[in-house]
Each structure stands twice: as structure tokens, then as C-alpha cells.
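The chains carry the letters A, B, C and D, assigned in the order they are written, with residues numbered from 1 in each.
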Amino acid sequence: MPIGTHPGHENEETGLKSSFERVRATSLALAEGLSDADATVQSMEDASPAKWHLAHVTWFFERFVLCEHLPGYSPFDERYDYLFNSYYDAVGDRHPRPRRGLLTRPALDDVLAYRAHVDRAMGSLLSGGASDALSRLVILGLHHEQQHQELFLTDILHLFAQSPLKPAFRAPEPRLMKGAAAPLAWTRFDGGLVEIGHTGGEFAFDCEGPRHKVWLEPFEIANRAVTNEEWMEFIADGGYERSDHWLSDGWAMCLAEGWNAPLYWRKEDGEWSTMTLRGWQPVDPQAPVCHVSQYEADAYASWAGARLPSEAEWETAAAGTGARLEGNDAGTGRLSPAPQAGKGLIGLFGDVWEWTQSAYSPYPGFEAEEGAIGEYNGKFMSGQYVLRGGACSTPAGHIRTTYRNFFHPGKRWQFSGLRLARNA
Amino acid sequence: MPIGTHPGHENEETGLKSSFERVRATSLALAEGLSDADATVQSMEDASPAKWHLAHVTWFFERFVLCEHLPGYSPFDERYDYLFNSYYDAVGDRHPRPRRGLLTRPALDDVLAYRAHVDRAMGSLLSGGASDALSRLVILGLHHEQQHQELFLTDILHLFAQSPLKPAFRAPEPRLMKGAAAPLAWTRFDGGLVEIGHTGGEFAFDCEGPRHKVWLEPFEIANRAVTNEEWMEFIADGGYERSDHWLSDGWAMCLAEGWNAPLYWRKEDGEWSTMTLRGWQPVDPQAPVCHVSQYEADAYASWAGARLPSEAEWETAAAGTGARLEGNDAGTGRLSPAPQAGKGLIGLFGDVWEWTQSAYSPYPGFEAEEGAIGEYNGKFMSGQYVLRGGACSTPAGHIRTTYRNFFHPGKRWQFSGLRLARNA
Amino acid sequence: MPIGTHPGHENEETGLKSSFERVRATSLALAEGLSDADATVQSMEDASPAKWHLAHVTWFFERFVLCEHLPGYSPFDERYDYLFNSYYDAVGDRHPRPRRGLLTRPALDDVLAYRAHVDRAMGSLLSGGASDALSRLVILGLHHEQQHQELFLTDILHLFAQSPLKPAFRAPEPRLMKGAAAPLAWTRFDGGLVEIGHTGGEFAFDCEGPRHKVWLEPFEIANRAVTNEEWMEFIADGGYERSDHWLSDGWAMCLAEGWNAPLYWRKEDGEWSTMTLRGWQPVDPQAPVCHVSQYEADAYASWAGARLPSEAEWETAAAGTGARLEGNDAGTGRLSPAPQAGKGLIGLFGDVWEWTQSAYSPYPGFEAEEGAIGEYNGKFMSGQYVLRGGACSTPAGHIRTTYRNFFHPGKRWQFSGLRLARNA
Amino acid sequence: MPIGTHPGHENEETGLKSSFERVRATSLALAEGLSDADATVQSMEDASPAKWHLAHVTWFFERFVLCEHLPGYSPFDERYDYLFNSYYDAVGDRHPRPRRGLLTRPALDDVLAYRAHVDRAMGSLLSGGASDALSRLVILGLHHEQQHQELFLTDILHLFAQSPLKPAFRAPEPRLMKGAAAPLAWTRFDGGLVEIGHTGGEFAFDCEGPRHKVWLEPFEIANRAVTNEEWMEFIADGGYERSDHWLSDGWAMCLAEGWNAPLYWRKEDGEWSTMTLRGWQPVDPQAPVCHVSQYEADAYASWAGARLPSEAEWETAAAGTGARLEGNDAGTGRLSPAPQAGKGLIGLFGDVWEWTQSAYSPYPGFEAEEGAIGEYNGKFMSGQYVLRGGACSTPAGHIRTTYRNFFHPGKRWQFSGLRLARNA
């Protein structure tokens, strides 16, 4: 089942209402096969219950759209304002994040009823057409929901990985793509005074702009992401045992957490296996390495005599190739990274989010929006690093060349890998 | 619905099989009204999911009875040996206790099917009569299951108390008993050389014996448990604000945890309310105080110019009155402590477990049993304190005059209160 | 240099003033050879700086004796009331215990001047004779100081053990006693209705009374403490690797702390060495094992098919032998446990504190004193276990048959070992 | 007494040997007045004992210069290699950082003897002239020692601030400068394609290069640092009580640490006082605010309708003014920030390190040096933020326009403040 549609595209072609329905339906499809318990448990502080994701994105529409724009709208349950606010301080108190997994009520069925209630009201609201302001809000809400569709996948994988039973989120059907990765090659870019950032027009998050000039020295970037086979060489060469190539903070975390391989990997009888959304599987040597932290990615790059690209380099490379925004995203239904084969710069979009060396910080001239919506991005611009390009968990149509994802450099439960770069 | 029957009694009167069926049915009745999610989540390390309780007690019969005594018995699922072992090191590895809440699978329905599978096999086994050794094992398993019936209640209360929605485990029907508690009075005992501990005969846990002599100085014991009203006076007098009456470890925990009232209490508009198995309720001033730690109980007793009784004093008092083993236990269906009214020593059984001043330690001559069963009690004889008399959460028929319950002195989520004592 | 004199004895023979001078001189002697830095650093929360011990015991005399009983006494420095109060809540605020090591000022020399100031004033006070009440207070202060003399030694050993340089507190001169320990043998006691606790008369801490009756079953007690050689057998037999013989709390701590031998032991080239007050030394196989927790002692006893004695058994055995209060205490100057050789019950006093199975709790009829002095013992009667008999770190003349030392069962930095007992 | 001389300058004028002697003498001067205990204690993990600083910088010369370049050099003490290595993994094992405060031995006097030993050997080595490679190493060692001279001051301030006695590191003599700060004003810069980074020639740390192009949008920068008076307005306006202006990570730390003012501030009778190197002092409203984290600085800037400058903006502003590298550094002997008065851009150097919005990351083309020396900067380029301009604690002659200091954004014990910037 393909996950994700492009709300922005859809909007221009067939109307906002239709986009709304498709994005919302995708979330429902994700929940198929989950039990009430699966949807309730929180496996760590970073993760949220599936049920919470489904309710929170709905609350976003209720709180910021319906309560403001649909006269006479009656909230489904007054208490949900407290339960399903994520981090909008401006809206009021909220249930503490680490305690989201204690909410056995409302049940999954109640949350689905909540979704239906809000969908009906949104249907009424959108049937009458939408002002530009309303339209912008709804589109933001849809992109927001797509982000949570991805988190839904990363979080359910983490939960199932904790179980000794290793349940499969989706059936372990035969892989769609197979074969060998392309040999490592380098593409050169001259750099100079380039521009990056969103150009306006279609939807983008506030942090993607303003578009601005950046000076780049000449650089080279790898044609594809680092593979599992290459990562195994790093392990075999003592990559996790010696501090030489590690950042100081990274090495401290490596020791503290006892890292010796990507998250979810375990060696059994000399062979690496790993947890996936299709259950417990052998590691495919030709596929991109996944579930590594930025610290590990940085250490690997140093070990390989290279470095991580800056986000400006990455975006310049992606824009320069005229690459289409296509790849192994959640729309393919594979739900795991696939070997990247072909010519030229490949695999920029989909498969794995690619860590950059760039701290997540405001672009020159960035201004957060007023009010609660302004808390969306700006306040996270500290201590996190930028990832680019989307992954096999990213809804189809959600990614852009200018898209900036961000996580703390020690996090590993996203579908995160890396692509090498070096000075030309 | 009354919770609990006396497996020991039943056995002698109507047969072991009948006892087995009644105790097992009681557990099933407890699960009524719980969702899969309710039964899955673990609200803290000390607590276990309802589903886990239901499965673990079943595993006890499968592992220690069926696998050993029923030829050709086929385990329901080989993996349950790992999942549902609690702490029997002799049996092998087990799922770590703090991670019990991550087991969204097996679902509640699967656990119920597991119970049915084991119940059928046990039915076959017991139909043919039982040797003394087998009979002893089964009776131990039934008492073990009753202990988990009580923990089921304490743990589900803790879980529901974490929810902002404050769900009611059972409907908040009108209280069965009401009215005023008896005025505080004291009963004197001469002490001297007494005997305590189990006399043999009916079932008892190994830690209740051997029966042995203890010298007691003359003492007095209160006619009833300390009430909520009395506890409010302690609060009002700064009981939680000054260290004078606290043990050193207790005061340290009081500060660290920010205690200012019993667990679950909250003051709203000048009135105390509390979480109960029948939802969010006003605190009944005449009912025994509940959900206090031994540290708080000790501080209260000191503040009141008295002390906690030793377990030998408590047992001597209970035995001396010829008190019947009756009271507000789970069999009454009230599920909360009731005001203790009447003459003489009252409320010794039911309502609240009564903290003693006695560290849980082996009686003279105590020997743990051989093998895994020997891990039942002995290894916990350090750092814990004895509670006596059972509570409103204790299955009917499960309590005895010699029964020794035990918890760390800082724990508050059991139905624990206190009765005062003093030197005569 | 012998450490310790008996303040009680001295008092009766040659006067309180003379006792005062001797005990105070002993503390000064302990400080010889320590640098200002040695005397300042706090190596863990449980330990205190040497300087702090020297000042705190002096503050005890200043605060409770001089300020109350010497008209016109002028405190040495008003700020010391805050700095050197240990835990007397009734006296007022105090410097937090974990931050004692941050007090680089006052310097060791200042503290010595403080001692001289108080000693002069005490000299004046005591020259004029002392009322019974005053005399009792001063004697309490002297016993208090002796306790801190012992802690001074345990804490400086812990500090020096943290240093890679392994400094010796005292020169590693030839051991005073050598040779083999006596073979293990058992002495039987009939038990019955015995009396334990302090009889009055000479000084004792409040927790040692009242004297009271206890019923004991017949028991046997080992002639000597467990030796290092025996402990090595326990290690070799997997004592630290399997949970069988451990209490549940003990095993959890063993895993959490990574215990695999007594504190300070390290195996180098197949031989065990250990940190001592005379520097880094080979472990003497014939000497009593030292620096083990009660958890380890209990596990060892179980492994050896025995158990720890109760404190009533220990005291009955000690009293029954008419044993003289002599042994390898700090007065011998050896400062480490010595092999226990000889006939009958030996080594009850000195060498190592012997863990009992008894939780530290109030004797029947115990009442703490009024005021700050009443905080001395009673508030610690929770979560701790009793040790008996004194050690090589205990000042000469400080020990009694009824003496109750107490620590949390996981602590190992005292000179603590064990003697086996079993049911007769 | 002025702290610091410029080793680079000195070298060119009067020779390397003379520079060496002056820098080393400055360290000795810092230690004047410290007791052995003062020099030993470690007040938190981030800080090091004064003694450790004095020994570690000496070890740097012994290990990297003398052992490599002086034939026949005999180390002062073989064990110091283990004790005084800071973080050079390539050199071997080392004493763990959080345990530096447990080293009561060697004593301060021993460390001074160690310094003399190394100084004599360095004198011999340098008397014969120095190759370029050797010269570069020695100059690096001198700049390294100057960095530790600054840390010596920040760490001793932190230690003394923990003491209830609030000792003064230097006498609270009359302040050298007084008066009012200049009114806030803004200087505009056009930006465009600028160059930043070290140009070569004189000494710089590797992280200051290579010099490279950066594109800047037009910006304005404040004429002076934010003052204590302005910060008090931020406090009075609820700056520490509402999350609006805080970064998400910053607000979490603000809550967790209970921040409500800069480090060391305390309000007494309505007036703010603070700990300084000259003891407990009233806060000077006109002086730059000091001891604030980057989180606080960022929140303040947002509250003030401005932002922090990027490091490229800061350096461009500093270079553009032709500002002389002069200011209230440690050479003035004031040892606390002074009111910044005057025209134009003032106070860029000295007083307080100014937090920027720039994550500490490698400049384009940056390559760490080979071997242990390469661990100096590169491995810290994660999770830290850049500060510019030096402080009242920075040795005279140590600062440069291109100098990049860096700390984690939550740290407050450095002399860190801020200067506002905004888009033009």
C-alpha cells in the first residue's frame, strides 16, 4: 500500500478538500493491523504512541482550523486539548510527553471516532471553499500530518523492536527491488556563490527560507549513500572500538550506550540481522546503511577519508542535477532502504535521510511566525543537525530539495544514513 | 462481584479441582471491562500490566505443574517461558521486569486463550486425583494467583491514576458501608513468652513458619486503624514539613519525592479528593487512611505519641481476640477501605494492610524450599517491612493471622495504612 | 602509636579532664602526616573529609557543652555552626553533606586552631569539676569523637584508594602478628530466654538499651571470622556470578556495581592485592575478610551452608564466654585485620566488624532523648543492619559487648567482615 | 598583577625563551595565595583543580617537547603521564576527568617542583635555538598554557563560589574603572562576500583557518555588550518564567536547573549580589552581564527584539573597525567586567566572551593535524557554540580577531555575556 500523497500538488490540481481526504486516509491505512495495545504503548521518551500521532494531527485541525474558522464547531471532547497538544506553549498546559504511553483511554476506536468527527467538520468547512489564510493553515496541517505519518512508522518500528517476539508491522513479502549497489563514484561541483532555500510558490516550512546566498568552495559528493557492506568494513576495522575518528561527544555517547553496530542490528552465528517494518530480517549488504546517528556517520566519514556534506552542498548538488523528487519513499510500499543502482547522482530522495555536517540553525533573515504556529520550527534550532532527502518512511510527495529535517546527533531511530562528501 | 475464595478451605470441603476453577474464574472476572490497552501498559517499574499478571500465574501452573506432572503436555507457546517468568532465576532467562509494558503482543485475547489452554490441561490432570506433592503445588499456585489478583487491583489503580481522565475500574456505585469510625481506644496485652507463626495444617507460605517463641513486653494496641481525618490533622500540623518525627531515610525520601499527603490525594478548593478503584472520589474522613508508606506511618505514629506494633505484637493481638478472619476484603466488592465501627479490636482483617515496625526477616529455623519454588520468599528478606491483616484488595479467604506481607518502606501504591501501638 | 583510650574508664580512675585530653590527643595524632589537601577532599558522599571530622567533633563540644555550660564562652567562628553541624535538624541549617569536600577553607591549620581554642575552654570548664549532667554530655562527646576517629580512618582509606598513586596512610612496617588462622570450629549455645542490651552503669549509647529479654533457639557460632582464603574459594566457585545464594536486593546491587571481590581488591598476575592503611599490599589469606557488604556476607553464609548470627545470638555468645574486650583494635597500631589464632571463641572484638542478620531497630521500650541529642541514633533505625564487635579501626576502649554499629547493607568501606552461625 | 603576555609577539621581538619564561611565570603568579587544598579540590566535572592545570600544561611540554626533542631528558615522575593527560587518546590511558579532584597527591609543592624541573630542561633546550618545528610546538604549548590560565581563573571562581565562606581569590580592592555604560546604539555593515579566518603569519589555533569567503546579508551590531541593568529588566519582565523567547533545549535546561538569574547571582534584601574573583560583591548595573549560558543569551536577544550575531558577522565587525586588540583582559588585573563607555564599537575585546549564534564547526577546508596534537580542536566540533572576543579572564596578548572559543550552550561558569545583532 503506497503511503502518502502530495498535499501541495493535489491542492493545485484537484482542490484542497481532495488533498485533505487523501492525506487523512493515508493515516488511517497506517493504523490497519494495529491492536489497541500496539497503538497505545510508548517505547521510549523520543517516541509517541501510534494512537497519539493519530489524535494529535487531528487535534491540530480541530484547534487551529475548526475552532477558529468553523462557526458553531463543537469539540469532540474538551479534554483532548490537554491530551493531544504536543509542544505549543501558547495554547496552554499539556500532558507531559514522557507520559503519553500511560493514556490507555481514549481507546484506538475512540480516536478513530475523533478523526471521523473532525473529518466531517472539515468536509463541511472546505466544501464552501477556503480563503487563502485558511487554505494555508489546512495545507500546513496536512504537511504536519505527513510528518507524523513518518514518525508513526519510526515509532512503531522501535516499539516492535523491543518485543522478544519481533512482530512484523507489514508482511515480510518478497522485496520489490534487489541487486547490487552502484560502485562508489564522485561528482564534482565548482561551488562559488550559490543560492539555497525555498523560492516561494508551493508550500514549504518556514525554516526552509528565506532563499539566500551561500559561498561554497569546490566539492565532490558521492553518487550514492554508504552501504551496509561498507559499514561492516568499518565495524570490522574497529570503528566502534577506537576513538580516533569520533567527535568527542560522539565517542562519549558510543561508550555510554555501548554502541557496536547500527540500531537494531544483532549478530547471530556470524551474520548480521536487523529489525525492520517487515520483521526480523538479514541485513542486505547492498542497501544503504540505516539507523545510524550523526556521530556514527561523522566517524564513518572520517574513517573513510571523507566528510559529511554541508546542507548547502547537498542542496546545491540535488538542485544541480535537476533530480526528480523520486525515490524509494513510503509510496513504494517497500518500507526499507533499497540498493541504489544506476548512473550519476542517485538515491538523493528516499531510502535514508542523509545526515549533514550542518547544525540546524536559522537562515539569514528567518523570522518565526506569530503565535502558536511559530513554535513549529524555530525553537528547535539548537543542538540538532540537518538531514536531507527523505527516506523509505517519508510519505510520497512530502519531500523537497529544500526540505530540512533535524534531529539531535545521537538519535538513531529515524531512517537515517549518510552520503560522503570531500573537498575538491 | 466478590473477589476471592479460599483455596485451602475449598480443597478440604469440595476438592482441589473445584478450588482451582473458582480461583481461576475470579481472575477472569477481574479482567472484565479492561481494554487490550488497559491490560498492556505498565505504569511504573513496581507495577505489572494486568495482562502480565493473568499470564504469569498461568505460566506458574504450566511450568511447575503441567510440564512436570502431566505426561504429553504441550506448552501453549514455547516463548512464554521467557515472557512470563517473574523472578525464578533457576528456571532460566526472563524478560526484564521494567520492560513488561512493552509487550503489546500477545494480546489480551491471546492471554485468555492461554489461560483456557492451561485450564483444560489442569482439568484433565486434577480429574484423576492428585498426589500430596501435586496437591501442595497446585494449592501454592492458587495462593500465588490470589496474590496476583491483589496486585492486579493495586496496579490497575496506579495506571488509571496516571491518566488525566481518571477512569473508574468499577462503577462508582453507592458505598456499601457508611458512618463514623469508632473512637480511638487501646487494648492491653501482657506479653510474656508467646508463640507466633504458622502451626501447620492448612496452607501457609514458607515464610510464616516455623512457629516459634518470642518474648514480648506488655503493650497496648489501638482498637482500629488510623483514619483519614486523623491523617488530615497530621498534615495540618506540618507533618510533612518538619523532620522531627521522621526516620532519616524516610525524610530524605519525603523531600526527594515531594510528599505532602498520601498517594493519590489532591486538594481542590480546600477539600481532599483521591483516586480509587471507583474513580475520583472525595476522601472519606472516617475511613482508614490508605496508600501511605511505612516511613509516613512511622512518622505519624511518632507524632501521635505512639509507635507501630511489631509483627509479633500484631499477631498476638489478632490471635488473642479470637478474631474471625472477616472484614472488608475484596469479597465485599467495595474495593475501598470502610469506616471501622464497633466494639473491641476491630478491622484487623481487610480495609488496609497495617504496617509494622518489623523488618521482614526469616523466623528462627526458616529454610527456603529447594529449587525455583524456594525463591518465593526467602530472597526478599532484606530491606522490606512486614504488613499484616489484608486489605480491601485482598481476595476473600486469602488472609491468615500469621500472614506476612512485605514491601520496601517507601512504597505507597498498595492499600497500606496503620494501627497504633504503645508500651503498656 | 596506639589509637584510642577508654573515656569511660579513664573518667572513673583519673577524672574526666584527663579522659578528655587523651581522646582529643588521639584525634590530633591521627592527623599527623596528612596534608591540607588530604584532609579536605571528600571521596564519596558516604565519606567526610578528615578536616571535617576534626572540626565536627570539636563543634559538638562547642555547641552542646561550652555554649550551654561555660558562661561567657565566645565561639571561635560563628560560621562554624553552619559548616560543622552533621545532621542535627534541631540546631538549624547546615552545610549539605555531599558538599563537605568543597570547603577548602578553613584550612587544616585553622581547624587545629579551632580545636586548641575549644580545648582551652573545655579545660577551664572541667577544672572546676562537672555536674552529673555536664559529665554525661562530655562523656557522650568523647564517645562521639571516638566514633569519628574510626570514620576518619575508613574515609582516609577510601580517599587514598581512589588515587592511582595508592598513598600509604601509615608506613608499611612489618606486620605485628602473622601466622595461620585457627581451623573453623563451632561453639554451641542452648539459647532459651536470655537478656541482651546495656545494663546501665558505664556509658553506652541510647540504642544499646533498655536491657530486655529475648528468646533464642539453640544455635552454633563459628570460632572465628571468615578468612580471605575462604572468601577466595567463594569467588572461585562463582560466588559473584550466580544469583542462587544472594538476597534479591543484594544481587541487584552486585550487578549494578559490578562487584566481583571485596572492595579494594584487585587481581594482578593471578594474585589478589588490596588497598590498606599501610598502602597497596598482597591479600593475607589467613586474615579475616574485610570490606564486604552485608549482602555479600549473607550470600557467602548461604553458600557455606550457614547463616549470619542475629545480634542477640552474637551478644549472647560474646557475653557467655566472658570474653575480655580485647583484640586487634586501633590501639594495636596494626590498622589491618590479623589472622585469628587460638582456642575457643576468638576475635570477637577487633579485626573486623561482624555483620549480623538483624535489622537495626529499637529495642523494646527504647525512647530517644529529648532535643538534638535525641537525633543521635533513633532516626537511623530503618534500612540498616547491625554489626558487632569492633574492628582494627575502632579506638581502643571504645567497644562493648552491647555495642550496636549499623550501616546500610550495601556499604563496604567500613572494616566489615562476618562470622558464621547456624541452627543447632 | 597583570596576567598574560603575548607569546607570539614576544617571540618575534625577544626570542622564544623569553616568551616561555614570561608565560610560565604568569601561571606561577596565579597560584599565589592558594592553599594546597584550594589547588586540589574539583568543584564540578567541568572544572579542574588549580593544581591539575599547573601540572597539565607542564606535562604538555614534557610529553610533546622534551621527550621528543631533548636527548636524555628524564621525566620528573613516570606516573604523571597517566595523571596529567587531559584528553589525548593517542598518548594512552589517562586519569578520568571527573576524578581529578581525588588527587590529593602530588601536593601543590610537588607540582611546583615539577614545573621547575621542566622549566630547567626547557631552558636548556631553548638556549640552543629552536628549529621551526620545535618553535611551533613550543608556541602552541604557550598558547595552550594561556588557555589554562583562563580556565584556572574560571574554575577557582566556581570553587570559591561553592563555599559558604565566599573566599576572595584576590583582595577586593577599589575597582579600577567605574561609571556609566554607553547608551545602546547600532552600527551597520553592508555584508556581501567577506572573508573570515586566520590569514597565516602569526600563531593561531588550527580551527581559526583556513581563511575563507562567506556571504553576509546587511546587518547591524550593538555598540557594546548587554549590561546587568538590562538583564535585570529581562528578569523583571518574567524572562526566566515564560518559555516564549527560549529555545526548546534551553527552556528544558532552565526548568531542570532552576535558573532565575545569571550564575552566582543572589538577591538579598531586594539587591542583587554576585560572587567574583574579588569576593562577594554587589552587581554593578553598568557592567556587562556575565556568566550566562548561550540559551539565556539567545532568549534575552529574542526578548529584546534582536538576535545573537553569527561569528562571521562578529569577526567582520571587529575587523572592519580596525579595532585594536585591547580591552579589559586579565592584564588589567581587574578580573571582572567593566562598564563599556566611549564611542563607536567598544568592548569587543575583554570584559566578557560574547556568545554567537554559530555552532562550532569546521571551516571549509579544515584539516586537523596528525597525531595527538590533532585532537586539540577538531573533535570538539559538535554540540558547542562559538564565543568571541575574550574576557576579563583572558591573558593579555592571547586574543585575536579570529579567535574561536567554544562551549556547550548550557554552560555558565565562563566569563560569558553577549552583544546584540539584527538584520539591517
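Everything that follows uses one rule, which is that contacts are C-beta pairs under 8 Å (C-beta built on N, C-alpha and C of every residue); 3 or more make two chains touch, one makes a residue touch a chain.
Just so you know, these numbers come straight off a predicted model, no measurement behind them.
Note on connectivity: the fewest steps through touching chains from chain B to chain C is 1. The chain with its C-alpha centre at the largest distance from the centre of chain D is B. If each chain is reduced to the centroid of its CA atoms, chain A and chain C end up 60 Å from each other. Put simply, the C-alpha centre of chain C and that of chain D have 47 angstrom between them.
Separating the centre of chain A from that of chain D, both taken as means of CA atoms, is a distance of 38 Å.
Interface residues of chain C facing chain B in the complex, by the touch rule stated above, are 87, 89-90, 193, 212-217, 243-244, 246-251, 295, 298, 357-359, 361-362, 364-365, 379-383, 409, 423.
Those residues of chain D that touch chain C in the complex are listed here as 35-41, 43, 79, 82-83, 95, 99, 101-108, 159, 162-165, 167.
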